[in-house]
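When the chains are written out, they are named A, B, C and D in that same order, and each has its own residue count from 1.
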Amino acid sequence: MDLAYTPEQQDFRAEVRAWMEANVPKEPLVTLEREHGYHQHVEWERRLASGNWGMVTWPEAYGGRGLDLIQWLIFEEEYYRTGAPLRVNQNGIFLLGPTVMEFGTDEQKARFLTPMAKGEVIWAQAWSEPNAGSDMAAITSKAIRDGDHYVISGQKTWSSRASFADWGFGLFRTDPDSKRHKGLSFILFDLNAPGVTRRPIRQLHGDPGFAELFFDEVRVPVENRIAGEGEGWNVAMATAGFERGLMLRSPARFQAAAARLVALFREHETKVAPAAREQVMQAWMDAQAYAYNTYAVASKIMAGGHIGAEASLNKIFWSELDRAAHRTAMQLLGASAELRHLDGGALNMWLEGYIFSLSGPIYAGSNEIQRNIIAERLLGLPR
Amino acid sequence: MDFIITEDQATLTTGVRDYLADVHTPELLRALDTSDSRRSADVWQGLVEMGLPGLLVPEEQGGLGLSLLDAVLIAAELGRAGVAEPIADTALVAAPLLAKADGQDALLTAIAAGEAKVALQHPANPWVADLDGASHLLSVNDGALLLADHSGTAKLLDSVDPLRRLYAPVAPSGTGVGPADALLDHAALIAAAQLVGLADAMLEQATDYAKNRSQFGQPIGSFQAVKHHLATAVVKIEFAKPVIQRAAVALAEGAASASVHVSHAKLAAADAAWAMGETAIQTHGAMGYTYEVDLHFWMKRAWALAGAWGDRAFHLGRIDAAVISGALPIGPGHSFA
Amino acid sequence: MDLAYTPEQQDFRAEVRAWMEANVPKEPLVTLEREHGYHQHVEWERRLASGNWGMVTWPEAYGGRGLDLIQWLIFEEEYYRTGAPLRVNQNGIFLLGPTVMEFGTDEQKARFLTPMAKGEVIWAQAWSEPNAGSDMAAITSKAIRDGDHYVISGQKTWSSRASFADWGFGLFRTDPDSKRHKGLSFILFDLNAPGVTRRPIRQLHGDPGFAELFFDEVRVPVENRIAGEGEGWNVAMATAGFERGLMLRSPARFQAAAARLVALFREHETKVAPAAREQVMQAWMDAQAYAYNTYAVASKIMAGGHIGAEASLNKIFWSELDRAAHRTAMQLLGASAELRHLDGGALNMWLEGYIFSLSGPIYAGSNEIQRNIIAERLLGLPR
Amino acid sequence: MDFIITEDQATLTTGVRDYLADVHTPELLRALDTSDSRRSADVWQGLVEMGLPGLLVPEEQGGLGLSLLDAVLIAAELGRAGVAEPIADTALVAAPLLAKADGQDALLTAIAAGEAKVALQHPANPWVADLDGASHLLSVNDGALLLADHSGTAKLLDSVDPLRRLYAPVAPSGTGVGPADALLDHAALIAAAQLVGLADAMLEQATDYAKNRSQFGQPIGSFQAVKHHLATAVVKIEFAKPVIQRAAVALAEGAASASVHVSHAKLAAADAAWAMGETAIQTHGAMGYTYEVDLHFWMKRAWALAGAWGDRAFHLGRIDAAVISGALPIGPGHSFA
């Protein structure tokens, strides 16, 4: 264990910092869950890509820099340090990208990864269906082979980014007689293809952060399938592993929130509940613990290790620390917590953050599912 | 000594609940949400026809002359139904305060008739609900509660609760009608009661969802994790209720310790409602994170009322001054003294 | 609702207070879970009975005073206010007594209740068996009819008071072919009868607070059966209702603990964790809330109402507030929390209390079972 | 930058774990509990034969010269096995402190040989463990850490942990061997590491019990409530571990912020172990409330170590001074700076 950054890592940090400070928009963007804000965020992705910052761990061939996970963490730290915009590209670079890299053909890599890293194609996920949420194996949407195409029919829902994005990925039942985890395939589709209808779904905050997708005999080329027909479940589980695992929630995000929370506490220090002081310290401690753990997992992966059911520990930890930190902020704000705009008209980011934090224990596998996984796979308790 | 809701009180409460369940539906909330004013003369008129504005107005002024204990039971029903019209402020907070002041017979009569609406302003509650549309304003200056006529429009603030209408405070003015802190205590008590009604409604929504939503081939409410989340929420809610009732009686009687009990009630109710909100959204899963199920109306109202009329810090401060300092006698035998 | 005590109630309070102040032992007794302390506590029960304070709600015919539940609450308040000893008679007066009154014959009432109220016979409960804890319907101990006797064989465990008490009560399978809730009978037995072997079980604190009981063809007269043969489960459920319900944990106990906790906090105020201040206030608030609720339940019962599955709410609330309050005290004590004796050699009652509080969420139906009951019976969720 | 336990460290840790699992069994704990001294020359000799006393003694003095990171891994194993002999204080706290002082070669050699035992006394930790039987005492006076020979007997205090031997502090004396707070930080770090080992052991006991205890016709570990209690406990435990490792590295490097990280480690570990104790007893049900299952040895040790070497208030105070005051740089990029 060596917790000092190398000179090369320090140089890299300086490089990221300089670029971010020069390029991060001075004014906050509109939320990416409104159309105007979405396009602002896409524009930001393209600016990032212009500096080759789309996804620094990817090979240079696909628009990355071929860097390691520690460098990625440093990148993320500087990214959040400068308050750079949220990544509208997240479904692509953190979920689909690694999946294509692991399971895709060379042709698929060439076709999908570079436009993804460049922010030219923005991806929506399409996991859930109305009757397949926590129980994803209950998927019924079908993709029936017809020559060199699949014909997709059915419905997906709670698809993040799908209100505005370009392409989507999800599981479809390619064997209509199959049940549960079998007979599913992982398929990419153009959200603007004939037969796809999007119905934006308003989220708690009122913006259409996800959408329902209806497929009416949508024709998708067979070469849009990742891995073999019927192998979709294993591919998706690997994707879910990326999602719950290292990359979905960068520790820098929570460290930034904890630092802002400390500042908020100082502003309100003379009129807070006694426990608030301890809750604020806990937020800092938990964000730090999450960072240490992430560095440890990154180190392990770099040394050839893997992250398995431990990813469920991460998911629970970050989602609950995030909710707790924002709940504390809401308490510190007292009567102003409910205001969507605070003094001077700025968006009340604590309220927005608290709302968003409520999705944490639900999405990417609810925390109840995660606790089942921990109990059954890590502790070996009977199913 | 008897700590029980009477048959009459239960009948009144059930009547209000049933009426509101009929007319003040989630469909109505959704319709109000898309309206400009978020207020409806029809809804107000319905509440008036039920007799709600006059519940606490003395009989001489055309009301029912009910007590603060009745008030908290009704306030809970307003919370349960998600009522956003300013009926609680006018009928359950302003009316009993004005009934104790001299010379307010005309206003009380107008309140009972549904013709007057009183907005409430107090330094412990920095934003004024429904100032626009109010005919009167109770405000505070130098420890005194002032009553003034009100008209005109004010600048609307943007609450997360789409049906809440908040305004920045105005300069206090008017004639003295009592001590300022009576307003705070009455309003905090009624907020607490609404919170517990909101919590009950969210519990019911989550329970219904858990019974009807199936995953893994069974209703999610058959999973022990869901059961226990909801059971934990019920405990918090049910143990907030007697605290509110005890505070209502203390405040009605003018007990010296009334403020402490009101603070306890506000804290218990806000904690229960806030926790219930988190439990309800978790039970609903992704569906709960949408604007398409109605849960969000109740959850946001709970966030708003948790911070209104004294936040956690404020009310804990009052408990602290009484309990930690030793000013309030505590221990066995001091449940009601 | 009228939250003022009547003059009669105030007079009653004064009477209890005067008697308690004159009679409560000046020195704390040894724990009732050691033999010497047990006998001290039995002596105290007899002194209580000499003042007709054994169980004030019972009819005068059985050694009570025929008072109502509000008066009982007043009695309890004064009892705890003066720091009177724990009730070694608890299993009798709060559990078995009400059962006998509801289900017993006149002969059984005459035979068992008066000696119980007088502290002449101390009762142990004998619910659990090694394989029937939370799942009490798994009982296998048998009571086989032989003329006008039952012959009892089997084993009970975790029987509180059974190390030293005189008599016990529990469920036995009178129909050897029966399963689960059927075929059980509620039977009282002499712990000194031939064939009964007690094996004291040390609890966390080291004292034998409960015992294992072995029955080797123990002959028990049929007239020791409460209610009909095979009706034991319903009788026991009613008893468990009393236990979880109103009487097992008097609010006065928690109000006394909260008041002591406030005093402890004041002693340590200059060196406590920020949240401790709030936890102490919460302990006071929760004890008060429990008191209000208990008065409300008492009022409801006096008005002819019943307490059903709501008893599970009480069980969870008092057991969790008790553990939280004692945990807070342990934190306030810091490095001294682990000492069994504090300055001057007095027993560290916070440590003892914390240990005891850990049993609260377990016994009388674990809190997991209580949450199931709330979910299924109060909320109507599917089993 | 690499945050990883090396193969060598993992091998050493596993070796110690396996050895202790063989020789330092629950049966041994029960036997010690009925002995007068609660200490065993045989057990100590076994630890010496493993080479534990010399782990952090420099190689020149016959030790292995390992680091604080190794120390926390081994301390966790001592906690996991419930070891009560004063090996942690002597080998993992005193040895590295003495190795930094001048002229302690002879004592370090004696420590490595298992012939010296060093008791630790510091104002932040009012009771002295294993003073009786110690050959040396590290104590604190006026900010200085003093080393003195020790002999004789002292008055035993009565800990809830039946295997813990606590004594009232004695008058500090001896020659200076460094700053006082180094003792506190080292001892708090090692206490944290033991706590996480205790927590791991309780988790294993509870998990085993849940797998083997059946109620309602199935192992109780198949009930979701039990699963989720245990899963929640695992999260707390696993996220305390990297905090301890990070603190060990900071302290080894003499980082200015080391004390903050040690406090964080102590808080995280104590919270995890305390919560694990409550979860473990609840999982065991009535059986867990007895002295007949061994859980109580670990739970009581956890209560003891949670309060030792700085309680919650103490360590939160140090976090407060660093984080709330703004003295410590925080936010992204400050994980290790």
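Assume a contact is a pair of C-beta atoms (placed from the backbone, for glycine too) under 8 Å apart; a residue touches a chain by one contact, two chains touch by 3 or more.
Given the structure is predicted, the values throughout are model-derived calculations rather than measurements.
More contacting C-beta pairs link the chains of A-D than the other of the two pairs A-D and C-D. The chain with its Cα centroid farthest from the Cα centroid of subunit C is A. The distance from the centre of subunit B to the centre of subunit C, with each centre set as the mean of the Cα atoms, comes to 38 Å.
Separation between the centroids of subunit A and subunit C, computed from CA atoms only, is 52 Å.
Counting partner chains per residue, subunit C has residues 273-274, 276-278, 368, 371 touching two or more of them. Counting partner chains per residue, subunit B has residues 223-226, 228, 316, 320 touching two or more of them.
Of all residues in subunit D, only 125-127, 157-162, 164, 166, 214-216, 220, 223, 225-226, 274, 278, 281-282, 285-292, 296, 299-300, 303-304, 306-308, 311-314, 316, 320 touch subunit C in the complex they form. Subunit C contributes residues 1-6, 9, 13, 70, 74, 76-81, 251-253, 255-256, 258-259, 262, 265-266, 277-278, 280-281, 284-286, 288-293, 295-296, 298-300, 302-303, 310, 313, 316-317, 368, 370-372, 374-376, 378-383 to its touches with subunit B in the complex.
By the touch criterion given at the top, residues 128, 131, 133-135, 138, 157-158, 201-206, 210, 271-274, 276, 323, 327, 330-331, 333-341, 351, 355, 358-359, 361-363, 366-368, 371 of subunit A touch subunit B in their complex. Taken in their complex, subunit D has these residues touching subunit A: 1-6, 69, 203, 207, 210-211, 218-219, 221-222, 224, 226-228, 230-232, 234-235, 238-240, 242-243, 245-246, 249-250, 264, 267-268, 316, 319-320, 323-324, 326, 330-336.
By the touch criterion stated above, subunit C contacts subunit A in their complex at residues 273-279.
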